[in-house]
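Look for chain A in each of the two complexes below; its partner is chain B in the first and chain C in the second.
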Partner chain A sequence: MAQDQAVGVIKPPSMDKIEKRQAWKRRSILLPALIFAILMTQIPFLVTIGYSTFKWNLLKPDDFGFVGFDNYITVFTAGDLWPSIIATVLITTLAVVLSLLIGLFFAILLDRSFRGQALARTLLITPFLIMPAAASLIWKYSMFDTNIGVINWFVTSLGLPPIEWSTDYPLATVVIVLVWQFTPFMMLILLAGLQSQSKEVLEAASVDGAGAWRTFQWITLPHMRMYIEISVLLGTIILLQVFDPIAIMTKGTGGTKTLSYLLYERAFIGLNVGEAAAYGVIAVVLTIVVATLALRTMFKVFLDGGGK
Partner chain B sequence: MKLKASLTTAMTWFLVLLFFFPVFWMFLNAFKSEQDAATIPPKFVFTPTLEGFQLAWDRGMATYMANSLMASIGATLLILLLAVPGAYALSIRPIKKTQDTLFFFISTRFLPVAAVILPLYMIFKSLGVLDNIIALGFVYAAINLPIAIWMMRSFFLEVPKELVEAAQLDGAGLFKELTQVVLPLVLPGIAAAGLIVFIFSWNEYFLATLLTTSDAKTTPPFLASFVDGRGLFLGAISAAASLASLPVIIAGWVAQKQLVRGLAMGAVK
Partner chain C sequence: MLKRNRLAAISASVAVSALVLAGCSSSDDTATDAATTDAAAETTEEAATGEDVTITVATVNNGNMKDMESLAPIYEAENPGVSINFQVMEEGDLRSAVTADVASGAGQYDVVTIGAYEVPQWGANGWLTDLTPALAEGDYDVEDILPPVREALSVNGQQYAVPFYGESSILMYNKEVMDAAGITISNNPTWDEVATAAKAVNTDDMAGICLRGKPGWGDLFAPLTTVVQTFGGAWYDMDWNAQVNSPEFIEAVTFYKDLLDEAGQPDPVSYSFNECLTALQNGKVAMWYDASVAASMLEADGSPVQGKMGYAHAPVKETAESGWLWSWNLAVPVSTKNQDAAINFVKWATSKDYQQLVGTELGWSLVPPGARISTYSIPEYQEAAAAYAPITLDVMSSVNPVQPGVNPQPWVGIQYVAIPEFQDVGNQVAQLVADAIAGRGTVEEALNKGQEIAQVAGDAQK
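Showing the complex of A and B:
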């Protein structure tokens, strides 16, 4: 049909066609990545949803069948889900907020020229580069340990009783290690943001007699919005899936049983595939909700701050 | 004013060193005998020994690190192969579909690993590739592909249009245009993406502990199972942890700029 209409003017449509074919060719090089992603993540996720509707325990292979939403009902009524959601949200929120604040503080400290600035930055990013499993072990044994840990040596030399970190304060134990690892992550992104500020604007503000705090509030903070959003969003996505310090330090005790750890327990220790799949689906929903909320809240905070 | 500045500097250094202390302590303990490592008050002066490294080595750490290396490098190469053309396709002429596709990719990263691990485990089991390092590399590639595509796309967007158009006028095909004109310009960005993917894969513990058992076991599950029973072990643990972290520490120190750009998914210039 298109050809019939184009009889009179031959050149432009054929050019158009070539361009179109070109455009498709250009887009088609995306296909391998797209197919790979669908095969490895989307289809397994759909299968997980499928699993979650089956009664399926690897220990009882004969007792297998479609049960609809039964696994979800079990999950919601069994009493493990809510503590686990609370643990996940609490650990993520605490770790993200604390590492953001400490990271911002460090970024401000490092955003001035002083002796050994480059070295200080290098040392400061190192905790982020430590393998998380290694960091958890190091903190567990050489920092938190009641007998040989450095922290308890410090505490007792102040004349205080030693702290049983992993039994008395499991949540704090996990959060401290996470904050230690993610503060450098936040700091790096925020420092890049601070350093990209226009020097002229800052000078103009100081000429106009704006104090350090007001300059920070009115110029730096709005400029930093994008960087803060990126670091919060990425930190949230990564931390919602936190597993390593829990598996290594607390084994999910004392309110640290996050959804990833709960699923691990159900599936690979309890061998209950159907129930574990239901936890997996819930974890996805939670991740999407929290990540969206985190971003929305960020926008709001900054819009309100700017409006006053 | 000057006093205030040097006080700030002193405080900065104090806090930085405090923050760095656990790393320093790990490296120091790695060279201590078990008696020295377990001494309270902590020993800063001691006779260095390689006992800890020896023990980690005897437990087969080299094999596990080689496995980690294979999975991480394999994943990184596969991602580069898929993400470079993918991101380039998504960087040409922003159309609505591009945004949808980009959103699709990032949403796969929102997908917790928990959501896909069960089917992957079952499929791997039936294919007989549980405890297979290549299979693990494929999974790492899948998880990190979206980040790599997002990062690389933002680097591709910075390539001046005129250069690409000039190459097209010269009759360069898509392959030539990408490999000879665009890639050389975005090489630092590609390196940043590769570095991040490598780090994430090297450090990954959850999937490694589920999908591998012995032959393909990587460093993180090895570390986690390193402490068994009671006794003096802090020196050995510190040595193993140091060895396990060293490749990423060095890479991160050397490529700090790439690290920042990569972490911020290319949003930071």
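Showing the complex of A and C:
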């Protein structure tokens, strides 16, 4: 470092320019990709911000105009925003945590060789391959339905009254479907982590007399930290956008109106483009803030746990 | 250091994906715009190249409309040079696609299928071609269209759409169950009578009555608004003051909730038309108050309750009738480039000849109901639809879309308020009421909040 600086001092200024030019030449190769990425991600966002400053209801073509921040004022004063943030955070957190735990359980079960392992793995992955809307419909009719649903068939066979899922337990209804869908996703990532453990270390642990639980706690879990982080991160990002089970089963009642469902209602039932765009912009900002905060606290826990 | 880097990377990736998310909503719009422009260009080209005309029809995916699609080749054969292109969509998709197209004047569609809720608003906006002169020509016989339906589709005496089929709401009940319990339902029952009967036949295996509970202005609030109106309530008074927390409105919603609690199907929030239909067919409910078009499905071949059903007028309290009025209609947007050809097709698809065509080609029970009075005097149809044709005609000719409730109202329409804000207002209030039905809060609390929502929309009309 010090040597470099010393050389830099005696360099003539023209050399600097040449180096800069070369640097730009190298960068210019990357430039098209960069511009493409910026266009693809930022222009729609800028357009959304533009829409959000207009009074624009599709059903009222004559009542159109620039209103500045009026849509944002409506969003913050209408009283829909805060409950939907709570609903989004609650549903996402519950679904991520539960599917992570169940996914870890299945990953551990699958992390050994047994007859029919490939078949078992494929069957376990299937829920994740089903389209979210189809999964919600399957659960609505085949599982939760009070007349023909499997769950209520068991419940009524026991002589109990049927469970009115969407009416009485809307939050649980949505979370159950999401956990069913995302457990395989978590399982796949965690299984990859488990299978990448070095056999030597595990062998050494067993030679040293560590039991199964101690091995898991002190060797497997710290090794898995990275995989758990990545599955929580990806799961959170996907689940923050949850829409299908809400649209199909609960219609936003009982504290299940997430930000994306609220946005859909403003845009496609209210047909209010300006207000929906304002919700969209706020949803982006909140997603960044909430995700960053949640992840920071979570990683602290993991890092402290690992450092013990 | 490593820790901070990772955090930065994570927040950056969250930010990017969130931006992409936001981008999606607006890029959808762009895609629609692009598609619209393309289609508009195509239409212009075709019109310019000569006599060959393609009529693009946007329609909803239900049975009667699909029949129209299958009979279109006959129209094409009769009218050389004209071809019909159907775009069949789900009701919700149709509503947003057609609204976007017609509102922006893009001209992608030559004929649109729209509900009775949209017609008067779009007509007043100047988005639809006035069909009054065209319908008076030839042997179309516009007077044959059911008067209440025609009234609901007109603004200041100008008719902006023609009904393809129409429906009201009726009470349907399983006669066997009622007979076994020794209960007779009169032809014009009151809600008290229906509630008593529902509670009497309600058992663990069979609910007394199925009522829609799925939140939505067209789901829960279609039947519930008719109950509100016959209880003396209304969404708005003549000066557009919201009436949602008036004593009558509260009484009606409380009655609906109590009836569901005491004798309704379990899990009401999951139930709308299709769910109730299945429940009734499977013997899980004894009565059902819903669209009259359901009768044709209950009496269809293969239905387990075929021939076992009784039908009655919508139950009432303060008014003489309380059935709703809905029709799916064909209209021609002013933005079309093929106005004459489009109107010609609309007249064909809603003519008396078309009804004969459906009867002879596809079967008499499939003739679109509730649009023309003469449909009900076709002998073959009378025979095929003997169980429900008389009551459908009776109810549909007796409802009053101008004043369905006890007091006059400033719009035409029964189970909806014909203002653009209503689907939004109805939807939000339906969610509040659904929460009250589920026991999360009281009906009064829900309707007090609903009153605020409705008043904002009412103020916009003043």
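Simple rule for what comes next: the second predicted complex is superposed on the first by the 264 of 308 C-alpha atoms of A that agree within 3 Å, B and C clash if a C-alpha of one lies under 4 Å from a C-alpha of the other, contacts with A are read in each partner's own complex, and residues count from 1 in each chain.
In this section, a contact is a pair of C-beta atoms (placed from the backbone, for glycine too) under 8 Å apart; a residue touches a chain by one contact, two chains touch by 3 or more.
A quick note: this is a predicted structure, and the numbers were derived from the prediction, not measured.
By the touch criterion defined above, A:Pro44 reaches both chain B and chain C.
In the superposition on chain A, A:Pro61 makes contact with chain C only, while chain B stays out of contact range. In the superposition on chain A, A:Ala210 contacts neither chain B nor chain C. By the touch criterion defined above, A:Leu137 lies against chain B but remains apart from chain C after alignment on the C-alpha atoms of chain A.
In the overlay built on the shared chain, the residue A:Ile269 is in contact with chain C alone; chain B does not reach it. Legend: residue contacts after superposition of the two complexes on their common chain; A:Leu90 is shown touching neither chain B nor chain C. By the document's definition of touching, neither partner reaches A:Leu194: not chain B, not chain C. By the touch criterion defined above, A:Asn147 reaches both chain B and chain C. Between chain B and chain C, more residues of chain A are touched by B. By the document's definition of touching, of the two partners only chain B reaches A:Ile29; chain C does not. Across the two superposed structures, the residue set of chain A contacted by chain B and also by chain C is 40-45, 47-48, 51, 147-148, 237, 241, 263, 267-268, 273, 276-277, 280-281, 283-284, 287-288, 291.
Those residues of chain A lying in contact with chain B across their complex are 23, 25-30, 32-34, 36-37, 40-45, 47-48, 51, 106, 109-110, 112, 114-116, 120-135, 137-139, 141-143, 147-148, 150, 153, 157, 180, 183, 185, 188-189, 191-193, 196, 226-227, 230-231, 234, 237, 240-241, 243-244, 247-248, 259-260, 263-264, 267-268, 273, 276-277, 279-281, 283-284, 287-288, 291.
Contacts from chain C toward chain A in the complex involve residues 3, 6-7, 10-11, 13-27, 29-30, 92, 96, 99-100, 103-104, 121, 125, 204, 213-216, 265-270, 278-279, 282, 284, 420, 423-424, 427, 431, 434-435, 437-440.
Across the interface of their complex, chain A is touched by residues 5, 8-9, 11-13, 15-17, 19-23, 25-26, 29, 37-42, 81-83, 85-86, 88-90, 92-93, 101, 104-105, 108-123, 138-139, 141-143, 145-146, 149, 174, 199, 202-203, 205-206, 209-210, 219-221, 223-224, 226-227, 233-234, 237-238, 240-242, 244-245, 248-249, 251-253, 256, 259-261, 263-265, 267-269 of chain B. Considering their complex, residues 40-45, 47-48, 51, 57-61, 140, 144-148, 161-162, 164-168, 170, 233, 237, 241, 249-254, 257, 263, 265, 267-273, 276-277, 280-281, 283-284, 287-288, 291-292, 295-296, 299, 303 of chain A touch chain C.
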